[in-house]
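Below you'll find the structure, written out as structure tokens, and then a few comments.
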Amino acid sequence: MGLIAAARKGAIVDAAFVREWIAKVSQSMQEQREYLTQLDAAIGDADHGVNMNRGFSAVMEKLGGVESEDPGEILTVVGSTLISKVGGAAGPLYGSAFRQAGKALGDGSELDPSRLLVALRAGLEAMQKLGAAQVGDKTIVDAFVPALDAWQKELDAGGSPGSITTRAREAAEEGMRSTVPLQARKGRASYLGPRSVGHQDPGATSTALIFAALERVAGSS
Amino acid sequence: MGLIAAARKGAIVDAAFVREWIAKVSQSMQEQREYLTQLDAAIGDADHGVNMNRGFSAVMEKLGGVESEDPGEILTVVGSTLISKVGGAAGPLYGSAFRQAGKALGDGSELDPSRLLVALRAGLEAMQKLGAAQVGDKTIVDAFVPALDAWQKELDAGGSPGSITTRAREAAEEGMRSTVPLQARKGRASYLGPRSVGHQDPGATSTALIFAALERVAGSS
Amino acid sequence: MKKLINEPDRVVKDALEGVAAAHPELRVDVENQVVYRADSPVSGKVALVSGGGAGHEPLHAGFVGPGMLDAACPGEVFTSPVPDQMLAATKAVEGGAGVVHIVKNYTGDVMNFQLAAEMAADDGAKVESVLVNDDVAVEDSLYTAGRRGTGATLCIEKIAGALAERGGDLGSVASVARKVNERSRSFGIALTACTTPSAGTPTFDLPDDEIELGIGIHGEPGRKRVKITSAAELTKIAAQAIFDDYPFDKGDKALVMVNGMGGTPLIELYVVFNEVAKILAERGAEVERALVGDYVTSLDMAGCSITLCKLDQELTELWDAPVKTPALRWGS
Amino acid sequence: MKKLINEPDRVVKDALEGVAAAHPELRVDVENQVVYRADSPVSGKVALVSGGGAGHEPLHAGFVGPGMLDAACPGEVFTSPVPDQMLAATKAVEGGAGVVHIVKNYTGDVMNFQLAAEMAADDGAKVESVLVNDDVAVEDSLYTAGRRGTGATLCIEKIAGALAERGGDLGSVASVARKVNERSRSFGIALTACTTPSAGTPTFDLPDDEIELGIGIHGEPGRKRVKITSAAELTKIAAQAIFDDYPFDKGDKALVMVNGMGGTPLIELYVVFNEVAKILAERGAEVERALVGDYVTSLDMAGCSITLCKLDQELTELWDAPVKTPALRWGS
């Protein structure tokens, strides 16, 4: 059941919704595998797409065996699976983020966009605690932070779950594009120094894909 | 002094003549270095031109320090220098040939085309004793043998030293071309089996160059 | 892409099966991708665990054995291993004297080892982490992830492994490892990019007459691209980059490692070694120990890295101590 | 062409200077291109001398030392050495018990060693020549120069060297060398050509999806060109070519060498080793000893060769005996 539909009866996000979201993320990581890898080849080591695809395929397999009706528990499973299967920089970073977000949701089978935002903020915090990246370092953070800010803004403006996730996706993509002129200060790309300028960051790109998937689920019904 | 000029006063080949011949061989090995190497790349290991050029440069250096007025002694020095400097298959083969030719000439500062032929036959024999190649094996021998046969024929016909060396050079080149359709049975090229067919043998080619140099000396005066 | 593999996704596991088949003196957990020395845990001995992305062979699995590592955790090609691997390895080799994690300074390696160390600590294991960051091509500053760990990793694993084998305690094994890191510097040069099995195309394009200076070991481009020149010139550039950061002068004794990146023939590495030896001689420093060959590689990349480690008597003795691994073996 | 060299004509001498700088346990005559173990001549010991074109490193210079060769004579790249080198080496290492020449079966090597042996005999030295011809890719017939010597050279030098070190006399050292040759077979596969420094371009053109089967070690093309396929398939082809000539069956114990040609990363060699081990297991034969790495190379050629040597107790003991050379070292 999509967020819109859920929204009608009080904007409820449930386990099915989270599973649908993750399924769409997994699908787009598979579709964008080469693209993300090419981006990583330019300023990294040509494996980001492979890593993300490997991770989310493992997640889908894992979730198949998880009965839970608890969205928080599901996100926690997603996180620990990413930590266990991805490796590289993206694994622990995305893994900690999803796991922390899941923990923050706590239990309860239903939640709304504002509670989901709180959870995602907790996830972002965990990621920054581990990776110590700030906006402008040319990383995942450059897409993640503006996405949540836009989410907050649209939420305050009383926007619908659909419009909230649309704003978030737009902001994530903008953040993604904003990494192009930046010189990387974190991760492998930072080794290139000035030569990292002019390339879009792979991690910021995968983050934009994650928010795009969320929008598609929220938009559907 | 060229063979023609020498011929007038009794077809005398002297030390100066031999030195001139070897100098011209050395020059053409330098000029044809890449060409011979490319031929060797096709059916061998891409070093024949390099080997021959290294060898004859060493020979020129060596001869610079040899006073001798004895053609036989000079050819012997050429042979042992090739043995000591070239390596590969061509080194011992050409080396033994020149050395044996030199020995066969014996001493005496002058000789004529018929005595030079006897010496070259002795050289060819030494080469075949060491390498056991017959005409048709796609080797040096395929150019060397017909060259000496043509030499003999023109000599019997009373040809001038100039015409003798021209026939020899023509026959050597024909022998060289005749290696193209052959399947190699000796040397590295034989490893290719049927795949050696269709390529001109590098060693037969360098032999043709050696007779061409001889013709140029004999032709000049 | 032409490679001697089956499927790209199987490369690491297939290779690990090969390692198991070739080296009975190792125990290989193919499923979890951990290579152990067969007799681990060695009770009372400090255990050494290292790991990192695959594609750098023989690093690290080739350095598992008496006198060096107790376990190695290869990740996927060029991708740091996951915490589960290091956790499993740490538990399995723990002999009661604690475990040293040798971690090359890459964001991914650092974070995955950190998570593993935290989990291991929760389970009560004593873990000391040692960071390797010898690559002078990267300025260590706020604006980078810090220097990369490259060739010095071998020196650290060998020397710390020797001390552990001799019965050194956790603190002293970790500190000799850090001492080697502080006294080692490396610089790498790439003549070509490399091709990862999963990507299938070279990690970057390099014209036929250009090379990359200051490359790492993951196929990433270097700091600077220049026209190819003589081995003498290139070695000067690499050596100078090292000396600018950490000079080797009169009387200094160097462990000199000229390391092939994977696609460069040994004869060229000896040509480069000769140039390094000449440069050190000019400065009055000595080649005390030498290692020439492919040890810390980057798949099929052509090029080399030069590592200089400043030896003292302690380090020289530990370097000379017996070691028995697939890739480094002497004195036993 | 991008190589870490100075001038093409200097490569061998520059590399030999590097060998001298890196290995004090060797004595290097750079001018005459001979590498000696520093303590030669070893009086009363049968001496082993080998040689061949350069470009196959570590073969042969990397195998000079106690338990293996007394001297190695590298020629120019891919060009057999000249008789003068082998003559000088033979005289210098002769310890009163005679000298064994280990000669790979190539026209050039054979003729140059022959001339050297004749000259040495004239000087009163006792020389036994052993011909290595293990490459099953070449049919040994009137229509070829005979099988090439490839990977088995290492096994012969190691095992005969061990017997010589143990005090075996000239006859027995030569005959154990011949025994190893008779019990060894090899087959090589090239994924790419190689580039000699002096030629500067690849020795042959190979499309991006094709490989050469049955190659030698001088960059010459093989017997057959096919589309690239899986490591499993390629290993089957190589193993079958060996078994067709010399089967390994139930109970046979094999020394398995998976040798890199120079440009192929170690991780791929282990993938191939794994396939060889599976094939031998299917036939009931055992991997008794293993060697995986770059040992008999062809400059920067990508590919590998597989060598199988049928061991018996004598050969296994001699293989395990101590050896101390730059490229092969154990037990000391």
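For clarity, chains are labelled A, B, C and D in written order, and residue numbers in each chain start from 1.
Just so it is clear, a residue touches a chain if its C-beta (ideal position, glycine included) is under 8 Å from a C-beta of that chain, and two chains touch if they have at least 3 such contacts.
On a predicted model such as this, the values are computed, not experimentally measured, just so you know.
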**Q.** Co-neighbours of chain C and chain B - touch as defined
**A.** D
Q.
Measuring between Cα centroids, what's the chain most distant from chain A?
A. B
Q. What whole-Å value do you get for the distance between chain A and chain D if each is reduced to the mean of its CA atoms?
A. 55
Q) Hey, how far is the Cα centre of chain B from the one of chain D, in Å? A) 33
Q | Approximate Å spacing (C-alpha centroids) for the pair chain A, chain B | A | 77
Q.
Give the residues of chain A touching no fewer than two other chains, as numbers and ranges.
A. none
Q: Find every residue in chain C that makes contact with two or more other chains and list them.
A: 77
Q.
Taking the touch definition from the header, please name the shape of the chain graph: line, ring, star, complete or other.
A. line
(Q) Strictly by the criterion at the top, what is the full list of touching chain pairs? (A) A-C, B-D, C-D
Q. Once bound in the complex, which stretches of chain D touch chain C?
A. 2-7, 11-12, 14-19, 21-23, 54-55, 57-58, 62, 77, 189, 191-192, 208-209, 211, 228, 230-232, 234, 256, 262-274, 277, 287, 290, 292, 294, 297, 299-300, 302-304, 324, 326, 329-332
**Q.** chain A-facing residues of chain C, complex
**A.** 53, 75-84, 106-108, 111-112, 114-115, 137-139, 142-145, 148, 196, 198-199, 201, 203-204, 216, 218-221, 223
**Q.** Touching residues (chain side chain A, partner chain C) in the complex
**A.** 37, 41-47, 50-51, 54, 83-93, 130-131, 183, 185-188, 190-193, 195
